[in-house]
Amino acid sequence: MIVFEGVSYTYPGAGREAIGDLTLSVTPGTVLAVVGANGSGKSTLARLADGLILPDKGRVLVDGIDTADEAHTWDVRSRVGLVLQNPDNQIVGTVVEEDVAFGPENLGVPREELVVRVREAIAAVGLTGLERREPHLLSEGQKQRLAIAGALALRPEYLVLDEPTAMLDPQGRTDVLRVLDELKSAGRGVVHITHDSDEASRADLVLALDAGALSYLGTPDGLVGDDELLERLGLEAPPILRMAQEIRRMGFALPGVSTAEELVGALWP
Amino acid sequence: MRVPVAFGQFVPVESPVHALDAKTKMGLVACFTVALFLMNGLPGMGVAAVLVAAAVTLSRVPWRIALRGIRAVMVILTITLAVHALRWNPATVSLIRMGPLAVDAEGLKEGVFFVVRIVLLVVGTSLLTLTTSPVALTDGLERIMRPLARVGFPAGEVAMMLTIALRFIPTTAQEAEKLIVAQTARGARFDEGGPVRRARAYAPVLVPLFVNLFRRADDLATAMEARCYRGGVGRTRLHDARMQPVDWVVLCVGAASLVFIGIVL
Amino acid sequence: MALVAKDLGYTYAPGTAYASSALTGVDVQLERGQLGLVVGSTGSGKSTLLRLLAGLLEPATGSVSVDGTAGVPRGAVGIVFQNPETQFFAETVFADVAFGPKNLGSSDVDSAVRGALLAVGLDPDAFGDRSPFTLSGGEARRAAVAGILAMRPSYLLLDEPTAGLDRRGRDVVVDALLDARESAGVLVVTHDPGQFLGHADSVLVLGAGAVVFEGGVEQLLEDPALPFEQAGLILPGVVRAQVLARARGAQLGQIAFDAVGAARALVSGFGEAS
């Protein structure tokens, strides 16, 4: 588990806390969506989880290891993979397979194992066949999957993704979301930072940040009714969930649905 | 649709020259350069020219591309030839005379010698980048620099810098193109006025380009740290190109004969 | 008074091994005072279409005319590229927004800049002296749009104007564009049409460089599956639910673009069906 215990963080020179007294946990095999307006502390949370920044107050534990424990810095970073919003800014290698190898190369993984890890990570994101392709010749969606493969090559237990679909077209977005589903089924813990309500409604749990503080933690459904909170978070209610709720309010019995097909299927079986 | 950006003009075909290890080719280029400078007569240049021609043919790089480097040094070649061949009011007999200016046979021979030497140097060394992928090139450089790490030279870091530079050249080029179009759409003119005004006209392209580069660098540093980068020490490499027996043979035989030719001719 | 393109075609790198046709036989008609929507996925040719309409590329076939005159006069068509805030270069917001009108030799740069900032909901006195690099995401996007509005174009073209913004940022940008429609024709290119469908006067769906659909929104939604799928796009969930319900025989009337309206539409259709 990744556990935040009363974590606060203020950027050097900043007037207010980016994260204030935050407590949460991320369980393997689940997707936690983190939502909130621009500047609400979402990216700070990602960097805290990976030990790239350390809490001023409280502590962050990754599988029981304190991220502040310098003896285990690399252990923490290989347990928690981080993927950023702009895929172009995180690709280091000049061809696909070399970029994927970058992480384990840094850990000094022997060459025979590097080959295996790279092959597996590339397959996991569906880029097999593009091993020798140069990154700038990939589509944005492929680049983002490459970035995920780069994180996976470290064989992390958890993956933290900071708005990974914000710059992608629908196809790229669909492909990345499919990879996230597969990671979850493979038993990894996924923290998916997003400002897209449809994406948030796919998660097991939603955590909402408002000015660095936790303002909601629960199922996606529970977030739908609270229009005032949604407004403050800069979020739309996931439209399908909102529709379903409205239909229930008008006196129709409706099971839990999360897609248009399910909704219409429930009404016109 | 993006047209592939050619860098270092690497020509991705298969040939015996391409197959050689980058370090072998670097060694040979070094010996070739030394040999060229040891030679002091046109016969040596003739032999060197035959060797370069053979290498280009073997490499399957089209002649048009192999000779393209000459265009870049055309000015230098012209000046070199002029400096050596032209004489001012010579006392001796001259080939051509135009007022006080004259072309003198000895000087012409000398000029041709230097021109041929520069041409051979350019074509020979460019064959290295034409037949070696940028990745293989940086890897080779790193391997060659590795012994220097023992005296404190940051070989791994330098190689990483080169790799990242190579990685971001196409990205930056794409971005610059986008910025030029965008600022053109805002009425910017890049082709008016003198050099100063033109240079100033590029500020709306260069400023955002650099701002974005710094942002990129910030993200990249975060991404590299998150992927456990901690300097060059202790890193392994996916492709640690090793010298094959054929590399050693080519390198030793090549180097020995080049030096021999250089000294004898 | 319209921006009209007839039979537009464009090929990249013609005559080389990389030659690829980006666009063939595309017609566009954008009236002033209207909001047009061009929908297509990556590689559908929508960015090329924008550049052609703005006169930044010469079409290989066909022609573009503005208000009845062939060609695109300088400054007549403004274009806002994707993530335009990455093009800031000046020290103040005011100076950056003034770049366009100054280049066009505008006689009253000051009022053009102030008007443009007000149009996107940024107070010129509060924002004019700030560095553009310190603005928040939504503010930066709006300031960048103002940089084009200040050139007072008759037609405004925008490539993914709301991409990467949160809800608040999206809402203000959409409002600013609806306002801009008062004085100009506005054409929005996007692969995420949800937030614009309710406001659009016309829709053009592009797939692989050719027009897949052209017409009004209602007409598009009569059978949206076809053009949208052909173009590799996904319809917004709220609309999709109503279309699926129609396909099952429900009589829904007008398509609603918000969740509550859509829920009511579904329930009314359900009532009639049962």
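Order of writing sets the labels: A, B and C. Residues in every chain begin at 1.
We take it that a residue touches a chain if its C-beta (ideal position, glycine included) is under 8 Å from a C-beta of that chain, and two chains touch if they have at least 3 such contacts.
Being a predicted model, the structure only gives us computed values, none of them experimental.
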Touch-based graph of the chains, sorted into line, ring, star, complete or other: complete
Pair exhibiting more inter-chain C-beta contacts, A-C or B-C: A-C
Whole-Å gap separating chain B and chain C, where each centre is the average of the chain's CA atoms: 45
Distance between the centres, which are taken as Cα means, of chain C and chain A, whole angstrom: 30
Two or more partner chains touched - positions in chain B: 4
In chain A, residues with contacts to at least two other chains: none
Of chain B, residues touching chain C in the complex: 1, 3-4, 178-179, 181-189, 203-208, 211-212
Residues of chain A touching chain C in the complex: 37-39, 139-140, 166-167, 169-172, 174, 195, 198, 234-237, 239-240, 242-244, 246-247, 250, 252, 259-261, 263-264, 267-268
Chain B to chain A touching residues, read off their complex: 2, 4-5, 134-135, 163-164, 166-167, 170-171, 174, 215-216, 219-220, 222-230, 234-240
Chain B partner contacts - residues on chain A that touch it in the complex: 47, 50, 52, 74, 77-78, 81-82, 84, 86, 88-95, 97-98, 101-111, 114-115, 118, 134-137, 147, 150-151, 154
Chain B partner contacts - residues on chain C that touch it in the complex: 12-13, 18, 20, 22, 43, 51, 54, 56, 74-75, 78-79, 81, 84, 86-90, 99-100, 102-104, 133, 147-148, 151
